[in-house]
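In the two complexes that follow, chain A is the common piece, with chain B as its partner first and chain C second.
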Partner chain A sequence: MSADPAAFRFVSTNRRVREDRRFVAGQGHFVADVALEGLLHVAILPSQHPAARIVSIDVSAALAMPGVHYVLTGDELAAATDPLMNGLDTPNVRRHPLAVGQTRYAGEWVVAVVAESRALAEDATEKVRVIYEPLPFVMTAAEALKPDSPPVHPAHGSNVLLDRTFVWGEVEKHFAASPRKLSFRVTWGRSSTVPIETFGVAASWDPWRDMLDVWASIQMPKYPDQIARALRIPANNVRVHQDVDVGGSYGVKRGIKQTVLVAHLARRLGRPVRLIEDRLENMRGGDAHGPERIFDVDVAFNDDGIVRSMKIRALDNAGAYAGRAPFQLGKPIGAIVGPYQIESVQYRAQSVTSNKAVQEAVRGFGQAPTNYAIETAIDKVAAATGLARIEVRRRNFIRKDQFPYLIPSGSTYDSGDYHTVVDKVFAHIDFASMEKERDRLRASGLLAGIGIAACLEPSGANSSFEPLLNEKNTTTTWMDSCRIVVDALGFVTVTIHNTSSGQGHETLVSTVVGEVLQIDPDLIRVIRPDSLACLPSNSPVGSRMAIMLGGAAFHAAQKLKTKLTRIGAHQFGVADDKAAYANGSVASNDKQLAWIDLVTIAHRQYHMLPEGMEPGLESTHVMQVPTGGTLPKDGRVQMYPCHSFEFHVVLMAIDPALGKPEIRRYVIGHDCGTVINPHIVKGMTLGGLAHGLGAALLEEFVYDDEGHLMTQSFMDYLLPSAHEVPEVEIVHHCTPSPFTVFGQKGSGESGYLGAPAAISAAVNDCVSPLGISFNKLPIRISASAMPSPTRNKANRKSKPNDHRLPRPSGAAEPAGIDPLAGRAIPVDPPDRGRRQPRILLRRRQADPAGVETAERSARPPEMDGRTENRASGGRRLARYVRLRSAGGGGRGLVAPDQYPSGADRDARTALRAARHRAAAGRRARRRSAARGACRGL
Partner chain B sequence: MKLDIGGVETIGVPVEALWKALNDPAVLTRCIPGCKTMTEIAPDAYKVELQLRVAAVGGSFEGEISLADKTPPKTCSIKVSGAGTLGHGNGSARFEIAPEGPDTSRLTFQGNGEIGGLVAGVGQRILSSVSKHLVGRFFVALRKEVETPAEGAA
Partner chain C sequence: MKVDLRINGINRSAEVEPRKTLLDVLRENFLLNGTHAGCEHGVCGACTVLVDGEPVRSCLMFAVQADGYEITTIEGLAPAPGELSVIQDAFCETHGLQCGYCTPGMILAAHALLQNTLTPTREDIAEAISGNICRCTGYGQIIEAVQFAADRLRVANTPRPAALAEKPIVEAK
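Right, the complex of A and B next:
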């Protein structure tokens, strides 16, 4: 089925992305642009407690305010609607849009106020009086796993949503037979995709037509079905308008609770109602956090670095309700060995509830954390065997000639040529010179390192993980569809049956249909009908649209081409296979019928059509996921059909005084098969890298010990900015997939799936001379560099002050080791004596094993006289940080410092020791230089 | 989040006068920043309404203040709890008043509290300086309240 890339006319060519024009001109049409007459607005009252019984809610004062139309509580909504869909078989973990009876996380939505304007609604939420009775709560996955932890859902009996162990192959035998083994733990912090446009939804109800109209910023499979089910109305009474642009998603725009809430209000009030989350509602209660996962990994290998078997235990903190979190442990099963020939795997997937916000699907659906664990394992095997990290990868890679390759967990990888991609990247960067550059940087006093990561992007999503993790689920298809209509004037309109959150579907479909029909894609209109006019489709998730929508468009166009050819052949009086379609015309020998003639026959001249042919020109195709269609057997299933490959190389430098990781060079080798539009793939890759950089170094939803989210705004939840995101060099390679129409694979998650692993590896290579390593993301190393020794001395000299500043409980002295995990520590001590406010740095959730000491002995980095200047630079930076913080100002340099982990602080000690060693070395050098000078005299 | 609070203040009135002022709801209403009303609901227990601004966000709080373990005119424990749209908080502190001179008292206070809701999640960076600022405003007002009449008499 795959076509010859050289023969493409439009596919893979340098064509503009059709959607860009309207976005660049500010003419996107988002949910906030939907104008509805008589629109009412919703604001939300959140819970202030991580867990509390709702004793009473008094809405009278709010209702009495002019302009307020309604105040909705959880009890009323729960009585009128069914609980939201739960993918697992956990019937007692019920989830409603508004808390019922008790709240389960700080920020959970408790009351919704409807008013003439959003501002009025917000004011009215302040008048709602809720009496709470605080309940015990649990924040960490490790705690939640304990049988005596406070259950988030008492009716469920425990906090365990999922605990399933898979054994694929002879794991124990391979471990017993392997001469070398190692074990480690890595932790993926809770971050997400955090789109600039928060979730928004507007709904109106027409009682005379029994029709619920919904406009939403949505990227959600089976969205209309879920609305209908929750509202207990027929599905054909729900009409979702899919021509609403979505301002960013990558998984999280699945606002089902928001939609059920707003739809109920629209029906209840008989007026259109809209809820557009503000940033705080979105961050703390939009139920859009991502995975938070602890990996315990055992690896069995030999002295040659060949990895034979792995045991992975993944413990995920799902948050207060099941959401999609447990399934994000399931999808990575489809690429559980990464690009490596690992013979057997044991995988234990554990998902627990906690009193944190709910998870939603995030780009890669759990693959990026898993790739981080796998790549860390390979780096550790390299360290243990003394082999180069790239050598271990090369030895373990699946070879090009082994595809299609069946991995132990039941998926067949379609194609790949990992060795060639690596070779191309290494040739592009001249790896030896990059190593020299790293050594030069180290010699200049910087901590410098190179990180590499080789990761897979499974693509063409089906939902095989659902039946795999829930036996009651028997889904074996996840189709997508396309319809092509040629009107009587000969113009082509293609309908697609999804929303778009920026993936460029219109460009994709017009390119594919143009390619097949050999007509200019710019002449093809692409529309998105409302859900009631749609063909069966799922949503643009799981890197599937190039494969699935591209495939559906291809097949629909082929059917249309066949029909046109038959019409032509009939006129010529020849057999169908004696006529040929080319460039819109059908020809046979010396006879030819032009496009408009064929169109006219189809639309107006039934008497000229072949017998039995339907008039008009229309074709549809509903596409099944390639390779999909079977239920799991013995814990094995074919997951996604295609597997893109990405190989990252990062050169990083960290100034030991500033502690700010600085990416000096970033190169990615990328192979997603046949590229349909190079600009879209490039944009996905660059955006994915930035996203991955955030997950690796900046972004985290941090909860304090009392269960409150400390990073609710962009002042605290730090997104990568132009300051942090490097220029990226992309090295392309194309290994077509045998399972898709053009050989294309997915690329919607590219960059993100490998960047965190690569950046983590680079940081760890930077600090390896200090004998430490970081095993938690995000790594916020810059806190480690402060305070400098000089500033500590000044601090010690400062007198204790009677006017003690308020400080958090358990505050430790800056230089000390924090005795209590999870407590805040103050830094920026030099100003303490001057009664200025301190910044408070709060460490992340406790993991005493935040830092590891490398097996090999610590070697002090070479440093020169610049170190002292840098130390004073550190003082300047500290002051800058303080000023910025005190002013409540923006971000930037302050960024990574806010939540140092235990790892950060241990690293701080190590860095300080390095500085001392460097200073001692300088003194010794000065002495010997002086001696040499004397001898010279 | 948890918050520790403490300090020492020197106030230019005798111990007894300071004790009396600190036990007078009318004085406290005028001194507690943002306090709109303070109603006695039981002996040594009061209901308070506050209107406060923390950085860019402002809001109203309702709460209760109670005094306990009183040893006039030396020591007293105070418990505060409150809730509003911006958050909730509760805390307790211990006061000690000792003479520092003939017309001067030294007031030492030490306590801790817990803050939740929006103020904790969004205001965390500035919460310690805000609480310090609020304590400062209380004492500025208290001094004005208790020290001014003495000057007038002199």
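Right, the complex of A and C next:
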């Protein structure tokens, strides 16, 4: 059913988000806050080789360290547990929490040390001696695809995890019949969601009750099942505590390897064990990278800009293990034509292994890269036909009267009114004046451009991509559940059965239950029982909770209302349909029973209940995804039930001397149907947009030629700050979904799916007068005052994704003589930071006299537990940053600022140190709220 | 080493290793879990506390360096259990957070700003919180929260226009 939005009492109103209260007071309950008696801590020894055979591991010295309880190797763990689950049927791509026999990416976890404190565990990792024999490795998808590339998993036979071609409709015929065709390639760089809280998990094992308790920063469907399966214990011996607050996830917090590792240790040691990844462990070994994808696209269209058919080849670099990464090529099939009427599509999905970190689910599950490819196609059609970009979109958009609309790949879009949303946005911004503003900026010597992008957000996740890409998988339900209990005093408690990472689920269900039962949502308690007390549920993935949890809460409340009405009708001696529920009471003609009377009958007066009715007041609902569930047929399947629509318009300017992109205006039209809570939807939209801005301009996991991750701290992997994210104007529209209880659709991914395409389009419009365009994200621009062949040659190796700008021939020179003319000016400070070499230091150790010294490793890398590329992150950086007293420098809050001296320190090292400190200083000056504290640098 | 700190107005002391950060000491020795570890290399700002009123990265400061200083953590802002400061309440009003992990540091950074000015521009606010990374919100509602808090703090003790006009309030009939 769909309700009338005007009739809502709580839904769509500006109510506060109830979760916020505890967080603003610092009273969240995150996994690092869980207090456990006798807790032990884990630190990880990673591999420094992209691929190497593990010759031997000597843990004796580490075990002898004070406070160390255990040192775990991959062999022991693999003997005690089953491999982690793969999404595809790839049984020979075996994945264990710690490397077994061979490492497959730099940063892969090799040994885990358990000690009384994290610091002691870290100390002890340095005493572990691992001897490696380096093996050939492969980093890029294109290389991995070659038959003679080094196989990441030799037992699997090749690096290809998935290579499947779908043809939906008469693609070849439509291509042959189309007068115009174009082809292009775009690349989505490897980035991720990178939550501010790293992944963490604590576990304890009770051998007397046979119970494994788990507290985790998790957003993982079927998490308890996967733990039980890997540990070979009954699933009802696993109890996951869902009331742990999760410090951001946006898809990636699927820490199954971390959990199996910690759970095994807890069982082995008989004490609670916790692993909180430090930032370095998280960035390079937390298995939380996102898609890295090359799209080759062919488009068939006509002179009117009408797109008839598309061929898309998507080649994805999954990293070293399979996991669920290949499925991120599957979900976009549910919206493979975007918001456009495209008659036929050929889609080739290829996923390959490489010697990079493992890919995990990222906001949108593959939709953002795909949308970038589709929107780029539309822009290119516009350029080819000479039509305005918006005109091509308007001509190809599915019209309002065509819904429900079946797309070639088998999904039916529920509803939408794309033309109206675009009209509203254009009216809001006065597009003609925005174009004038762009032209004015151009005339002033800046590169200026406008980007527009439309996108669909499929929402209400089922998991139809699983059976579509893996025939052995027959999953057709992806349910979610809600239980409502009214106690004997009449107070309402609602249970939800997932963790939450900031999506406001407590606000969602209290609003929905309050709406249906017509009681104040603030009076409703919402709790999260542990997994053994849970109803069947999946996690908040795929923009599903407004639809699925909201739907389950709605139906459970309806059941409760029906029961209350029946109790009332029975007392009045009338038929059930002659009594009505309103505001907590049931009335029939002039008779009325108040809430507490109904509650008392249900709880205490069985003799007054209708015959056959169960006593008490409780209701549950397990909800199936609204469009049902069927297995794929002929490569077609209904994916997600609902489809939100967004339309982005962005005005950007780039100073050609600085090369820094600047967003001058950002407007987003947003239609996610009925909004349950406006604050939450707004936050999701703005936050997703910021995330998309990062993917478009800043964030990338860059590997060097030796297979090492170069961007593994926040000084080189750049998250947008308040300086980078613009003020955003949101234009609302509401096209209710016919498939949901209030007409709601999903909104968790909105900004992220459209922003990269829009920003890319804007940058390309900026540089269009130069006759160039960018076809790879992120677009990181370093300016070059004059193109210099020498410099460009030198730059070629620095970063594959580094775009350099020639000065526009038509643009005015900046005032005065440019002193840097002819020289490359890599101005973007973050970019500079990215190139700083890692500090080549081992952690400092306390000598017997208690004086701390730092010691450079003199051992060859293969003999050293931890080598250069680990030392740049985590707690160790504290040593290199000088802090000045906030009070004005009177007191010496000065950490050791000297680069540690040592016999082997050479000039090169000193130079590196100085450059590193300078880079750190620049970043810190720019970003640190303790700005005053850094002036001494 | 023994370290004497004044945390949220109360004198506390602890025996700590010299290498232990202020962040770890606040969390582990004093069980003040509102201060969060984000990057532990001084970029994200989740660990922000106030040292003599100025925002400081507690992950970049050793506890022994804080000896004798006045430390304010997020637990020190709420006036009483269950009550919120004006800034905390403003974050709730505009939903200036989602997962809540960066929030304590963000609120302390905002608190320090509003100690200095109650008429911050949008740029002032963006600058003040630019050392605190939020991955959820895109900052829009955080900036609104700080603006809202500044507005409320500014007018908190200002007579209302009706009172200034000295008009007797006419009771509605």
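The rule is simple: the second predicted complex is superposed on the first by the 781 of 937 C-alpha atoms of A that agree within 3 Å, B and C clash if a C-alpha of one lies under 4 Å from a C-alpha of the other, contacts with A are read in each partner's own complex, and residues count from 1 in each chain.
Throughout what follows, contacts are C-beta pairs under 8 Å (C-beta built on N, C-alpha and C of every residue); 3 or more make two chains touch, one makes a residue touch a chain.
Source: prediction; values computed, not measured.
Q: Taking the superposition on A as described, I'd like to know which of chain B and chain C A:E133 touches: first, second, both or neither.
A: After superposition on chain A, A:E133 lies in contact with neither partner.
Q: Look at A:H49 in the shared chain and tell me whether it touches chain B only, chain C only, both, or neither; answer first, second, both or neither.
A: First partner only, chain B.
Q: Should A:D705 be classified as contacting the first partner (chain B), the second (chain C), both, or neither?
A: first
Q: Would you sort A:E471 into first (chain B), second (chain C), both or neither based on which partner it touches?
A: neither
Q: Once the two complexes are aligned on chain A, which partner has more residues of chain A within touching range, chain B or chain C?
A: C
Q: If you stack the two complexes on chain A, which partner ends up touching A:S713: first (chain B), second (chain C), both, or neither?
A: Touch status of A:S713: both partners.
Q: Quick one: is A:A106 in contact with chain B, with chain C, with both, or with neither? Answer first, second, both or neither.
A: In the superposition, A:A106 touches chain B alone.
Q: Examine A:R284 and indicate which partner it touches, taking first as chain B and second as chain C; both and neither are also allowed.
A: In the superposition, A:R284 touches chain B alone.
Q: Does the superposition put A:T125 against chain B (first), chain C (second), both, or neither?
A: In the superposition, A:T125 contacts chain B only.
Q: Touching A:D163, do we find chain B (first), chain C (second), both, or neither?
A: A:D163: touches no partner chain.
Q: Show which residues of chain A both chain B and chain C reach, each in its own complex.
A: 713, 715, 885-886
Q: Given the complex with chain A, which residues does chain B contribute to the contact?
A: 1-8, 55, 59-60, 83-85, 87-88, 112, 114, 116-118, 120-122, 124-126, 128-129, 131-132, 135
Q: Across the complex, what residues on chain C touch chain A?
A: 17-21, 27, 32-46, 48, 51-57, 59-62, 65-66, 68-69, 73-75, 77-78, 84, 88-89, 91-95, 97-105, 107, 109, 112, 122, 125-143
Q: Tell me, which parts of chain A touch chain C in their complex?
A: 16-17, 19-28, 30, 32-33, 119, 193-197, 245-250, 276, 278-279, 501-504, 679-680, 682-684, 686-691, 713-715, 719-723, 725, 727-728, 751, 844, 846, 850, 852, 873-875, 877-878, 881, 883, 885-887, 891, 893, 895, 920, 923-924, 926-933
Q: Which positions of chain A touch chain B when the two form their complex?
A: Within the complex, chain A touches chain B at residues 45, 48-49, 106-107, 125-126, 128, 280, 284, 704-710, 712-713, 715-716, 802-811, 824, 837-840, 842, 885-886, 888.
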